[in-house]
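What follows is a group of structures, each given as C-alpha cells.
Shared between the two complexes below is chain A, which pairs with chain B and chain C, respectively.
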Partner chain A sequence: MKRGWVKRLLSLHGVLFLVFVYAPIVMVVVLSFNSNPINMMIWSGFTFDWYWSILGYPTQLNEQTLYVESTDQLLGAVKNSLIVAVSTTTISTILGTMTALALYRYRFRAQRFYQGLLYMPMVMPDIVLGIALLVFFVGFGVALGVMSIIIGHCTFLISYVFVVVSARLAGMDDTLEQASADLGANEWVTFRRITLPQILPGVIGGALLAFIISMDDLVITYFIAGVDSTTLPVFIYGMLRRGVKPEINAIATLMLTLSFIIATLGLYLRRRH
Partner chain B sequence: MKADEEAQDQAASIAEVREAVKRFAAPEGGIVTALDGVSLKVRPSEFVTLLGPSGCGKTTLLRAISGFEELDAGEVRIAGAPMTGVPPHRRPVNTVFQNYALFPHLSVGDNVGYGLDVAGVPRAERNTRVGETLERIGLDGYERRRPDQLSGGQRQRVALARAIINQPKLLLLDEPLSALDRNLRKAMQLELKNLQHDLGICFVFVTHDQEEALTMSDRVAVLNAGRIEQVAAPETHYHRPATRFVAEFIGDGALFSGRVEGPAKDPVLVTADGLRFAVASGTPAGQEATLLLRPEHLEAAPKSPRASHGVIEARLEQSVFLGALHQFVCRLANGATIIAAPTGAGAGNLSEVAIGDSIRLAYRRDQPHLIPEVGDGA
Partner chain C sequence: MARRGDTRRLAFLLGPASLFLGVFFIGPLAVMVVYSFLEPGLYGGVEWNFYHWNYGRILGWADGEWEEFDAVYAQIFLRSARLALTNVAITLIICYPAAIWVSGLSARWRTMVVFLITLPFFVSLVVRLFAWVLILRPSGFLNSSLMGLGLISEPIDIIFTETAVLIGMAYILLPFMFLPLYASIEKLDRSLVEASSDLGASPLQTFFRVTLPLTLPGIAAGSVLVFIPSLGNFIVPDILGGAKVLMIGNLVEQQFLSARNWPFGSALSVMIMAVMFVLIVLYLRSMGRQEARQ
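So, the complex of A and B:
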C-alpha cells in the first residue's frame, strides 16, 4: 500500500509536468489578448486588437506599434503555406499509400533495405535535408519557390504517410482481399470496396499528419523557399528576428487553434472507424 | 483409358486436378514441396474432403483450385475448362475461408450481397436473393447487423451464405468449422451436409479432423507430404486403407508389419520381433505386408479357439469405460500397445480380467485388413 505522502508527491509530479508542458502555450494565448503595447508581460486590459491588426484593420493600438508592416505579406505567407500544405498532403498521401500497399503486397529482394530507406527521411536532421535539397535544386537549376517547397516537403512526408498506412495495413486481415477476389471482384473493385475502407483511418491519419508537418515546417522550408514564396513559419521567424511583438501571440494562437481543430478531426474520424 | 472414355469422364467431372506440383521457398531456406504430383477428380454434386495433417498440402491444393496459388506444373480444370492463368475473380468457384474473412465495414446483408453487387445484379433481385440466402441458413432478419455483432456460429453462416449466393459450380471450404466449439461443430457438420444435398453443388472441404471427414464426405482424399495416399469412400478408408499412413491416420487400431509365411490354408504374418498373427487364408506366402487390427475386431478368446480365429497373448494394462463401449488397453510381448473394444458377449469376459493379468484376445482371421507393402515403403 502506498503511503499518503507518496501519493501526494506523485500527484504533484503530474501537475508539475502539465504545467511545464502547457504553461508557455497558455501564456501565449493569454498574452495575445493583452492590450499593453509596450511590455507584453504586464497586463493592462483585454483586447481583440492584435487579431484585428494582423488582419489589417486599423485599431486604437496605433500604427507606431503595429509591427506587421504589410498585412498583404502575412496573408501571402498564409496563402503559400496553405497551397504547399494542401498540395504536399495530396501528393504524399497518394504516393505514401501506394508505397505502403506495394510493400505490403509484394515480397522482393532487399525489401528490408528499401523499407529502411523509406524510414530514413524521418530520422534525417532537417538541416541536412534542407541543405541537400537546396544544393540539389540549385545544382539542377530548379527555380526556388512554391514548387520547390512542395517537392521538398513531399520527399519526407511520403515517409510519414507510409509509416502510418503501413501500421494500419499490418493490422488488416489479408484474407479480406482474397475473399473479395473469390467473390468475383477485380483488383480495382477490391481496392475501392474493401482495401480502401479498411485502411482509410490510416490514410486520413497520415494525411492530417502530413498537413500539420507541412504547415509547421521551418528549417527545410527556410532553405528551399525563394524570395517571394515565404510560408507562414518562415514569415514569423523573420518577424521574431526583429523583436517579439504582440501580434506574434495572436498569430501563434490562431495556428494553435487550427492544429487543434485538425487533431480533433483526426481523433473523431479514428473513433468512427 | 480410351480417348472417348476419357472425354466422357472429363465432361462428368466438375473439377479436375492433374499432376499438380507446387513448391515453396521455406522461410528457413530450402524448398518445400507442398504438392508433389497430385491428381484428383470431383464429380457432380459430390462432397469431397481433403484430409491430412498440417503441412500435407491440402490447403495448397484448395488454393490451387481457387486460383490463389499458381501451380509449378500440372493443371486445374473446372467444368472442363483449363484454369491456368485464370485469376481467382474469374473462376466459377467460391470459398469459405477458415477465419470467415467477413468484411468488417459492411453489414451482413452487404457481405452476403457482395458477389451480386460486384456482378452488377439489379438491386431488387439482389435484395431478394440476399433475403432468400439468409433465410436458407437461418439468419433471416440479420441484414443490418455488423459482423462484430454476431457469434462465431453466426459468422460462419454468413460466410457460407456469401459463398453460395453466386451459385458456384464448386464450393471450397477451408477448415470452416475449426474455430467452433464441439457441439456447434457437430450441428454444423450435419447442416453443411444437408445444405450440400439441397443445393446440389460440389463441396471440396479441407480438414485435419478425420471424424469430420468421415461424417460428411462422399469421398475422402487423404494427403500426406504433398501426395494423395488414397481417394475413397469413408468406409473404404476405414476398413481397407491402401497405405499404412491412411490406416494410422483414420480410426484407432494397431499395425504390425511383417512377412506372410506358412501354407495357403493357414497363413501367418511374422513380425521382425517374432510375433505371429494369423491372416486370411489364401494370402500368398512371402509377401511383405502390414496387418491392421481395429479395436472392434478383438474380443476375449474362448478356451479352445477355432481355426478361423487368430489369437494374441497380451497383458491387460487398463480398462476404460466409454459409455457405449468399453476399451481394454493391452500390451503385447514386444511392448506394443493394442486396444480391444469388443462388442456383444466378448466384452463381458474381458471385464473379469484384473489389471496386470495376462489375457488372450481373438479375432476372425478374415476380418483385419492386410495392407500389401508397396515398393517405396509407403
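So, the complex of A and C:
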C-alpha cells in the first residue's frame, strides 16, 4: 500500500520535472508565432511575421512598431558563428581524436598527467578561461576576431571530442588492428581501413558535440570577440540587454531547432552502433 | 593492448594537441596569474612591478596607502559562494527523486527520458535565460497568469532578485546534477535495498541507511559540477539579477570591460580558479578513499 503511494509521488515529481525543463522552451516557441506586438503574453493570432522581420522583410507588425534590429548585423553574426563552428569542429575533432588514440592505444609515463590536463578545460569556469584568453591575446598583441574565437573554442572542445572518442575506444579491442599489421598493412592503411571505421561513430558524435557547443558558446566568446566578430549568442545577449523584443523569440526558436536537430542526430548515431 | 615504445608514433599523435593546449590553455592561465601580481597602470594598462595589493584589496591587507581595502569584495565572494551552495542544494533536491524515478522506468522509457532531460543542455544558454526573462518579468508569464487567476492584484517583483538568479542557475545546471546522480543510482545494487526492507526497515530507514550512502559518489560529483559553474557565473546574475544581485563573475567582468583594472580582475579570477582546484582535489581524494575502502 505504502509503496504504491511513494511510487505515485515519484512519478508526479518526474512529470513536473520534465514540465519545468520544457515549459520555458515551449513558451518561447509559441510566443514566436504570436502577432501581438505590444503584450507578448496576450495571444492575438498566429503569424510568421517575426520570422520575416528578422530576415529584414517589411511586415505589417514591423511597420507599426519599428522593432527593427539591424538585419545585416544579425546575418553577420550568423556567418561568424558558422565560420567559427565549422573551423573549431574540424580542428578539435582531429586533435581530440589523435589524443584519444594516443592515450588508449599506448602506455607511457605522463599518461595520468595528460588525462588530468584534458579534463581541466571542461571543469574550468568559463569566465576564468575567457579572461585568461583575453589577457593572453591582448598581452601578445593578437588581434581579437574570428581567429581568436576559433583558438579559444578549441582549447576546451578538444577535451569534449577526446572524452567522446575515448568512450568509444574503451569498449573496443585492438585485435583487428594487430591482425592488419601482421598481414603487412602499413600504419596509414591500418588506420584508414580498420581503426577509423570502428571509431567513426565516436568521432562523428564528438564532432557534433563540438559543433553545437561552439555554436552556443556565450561566455568565452563574449570576452574574446572583437568588434566585428560578434557571434550569434553574443548578438542575442546584446539584444537582450537592450530590452525584450518579440523578434528574439523567433531567433531563439530557430536556434533551438538547430540544437535539437543536431543533438537528436548525435543520439541516433550513438544508438545505431 | 599496449604497445611499449614506438615514441615516434606517440609523438605524432600527441604532439599537436600538447603544443596547442600548452600555448593556448596553460599559457593564458599562467599569464593571468602573472597579471594578478602586476600594478594596474593608467587607462587599463599594467606596470611591471610586483604588486600584491590586488589580493590585499580583496582579502584585507591593503592599508589605504597603496590600495583601498573594501570589505565589499569579500562580501560579494561570500554571497557568490552562498548562492552557489544554495543552488547545489536546490538541484540536488529536484534531481534526486527524479533520478530515482527514471531508474525505475522500463529500459525504453529510461533512454527516452534521459535524452529528454539532457537535450536542453544543448540549447544555447542565452535562449534558455531569455525564456526565464519572459516568465519572471513584471509583465511576464508568471505575473500575467497569477493576475489572470485573480491570485494577486499587482505584479510581484521576482526578476532582479536572488530568487530569480537561483531559478535561472538551477535551470541551466540541472543536467550536471542529474546525470551523475542517475549514473550512481542506476549502478545501485537493488538487492541491498530489497534486503533492507525484507529485514523490516521502513522505506525511510532504507533510504537513509542504504540508498543515500551508496549514492554518495554521485551526489559528490554532481555537487562539484554544479558548484563550480555557479560560483563564477556572470550571465545569469547579469540577465536575471540586474544590478542588485552582483556576483563575483560580474565583478570580474566589470574589471575587464568597464573599470579596466585588469590586474585586479585577474586576481579575482585566480581566486575563483583556486576555489575550483581545492574542490577538485578534495573530490579526487575522497573518491580515492572510497575506492580504497571497496
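Basically, the second predicted complex is superposed on the first by the 257 of 273 C-alpha atoms of A that agree within 3 Å, B and C clash if a C-alpha of one lies under 4 Å from a C-alpha of the other, contacts with A are read in each partner's own complex, and residues count from 1 in each chain.
The rule is short, and it goes like this: a contact is a pair of C-beta atoms (placed from the backbone, for glycine too) under 8 Å apart; a residue touches a chain by one contact, two chains touch by 3 or more.
A quick note: this is a predicted structure, and the numbers were derived from the prediction, not measured.
Chain A has more of its residues touched by C than by the other of chain B and chain C.
Residue contacts after overlaying the shared chain place A:N39 against chain C, while chain B stays out of touching range.
Of the two partner chains placed by superposition, only chain B is touched by A:V189; chain C is not. Judged by the touch definition given at the top, the superposed model places A:A179 against chain B, while chain C stays out of reach. Contact with chain B, but none with chain C, is seen for A:Q198 once the two complexes are overlaid on the shared chain. Comparing the two complexes, residues 173 of chain A contact chain B in one case and chain C in the other. The touching residues of chain A, when paired with chain C in their complex, are 2-3, 6-7, 10-11, 13-14, 17-18, 20-22, 24-25, 27-28, 31, 39-42, 95-96, 98-99, 101-102, 105-108, 114, 117-118, 120-121, 123-129, 131-136, 139, 151-152, 154-155, 158, 173-174, 187, 212, 215-216, 218-219, 223, 232-233, 236-237, 240-241, 244, 248, 252, 255-256, 259-260, 262-263, 267, 271. Remark: chain C residues 1-4, 6, 9-10, 12-14, 16-17, 20-21, 24-25, 27-29, 31-32, 35, 94-95, 97-98, 100-102, 104, 111, 113, 115-117, 119-120, 122-135, 137, 139-141, 144, 171, 174, 203, 225, 228-229, 231-235, 238-239, 249, 252-253, 256, 262, 265-266, 269, 272-273, 276, 280 touch chain A in the complex.
On the side of chain B, the complex with chain A involves touching residues 66-68, 87-90, 93-95, 97-99, 101-105, 114-115, 118-119, 162-163, 166.
Touching chain B in their complex are the following residues of chain A: 173, 175-176, 178-186, 189-190, 193-194, 197-198, 273.
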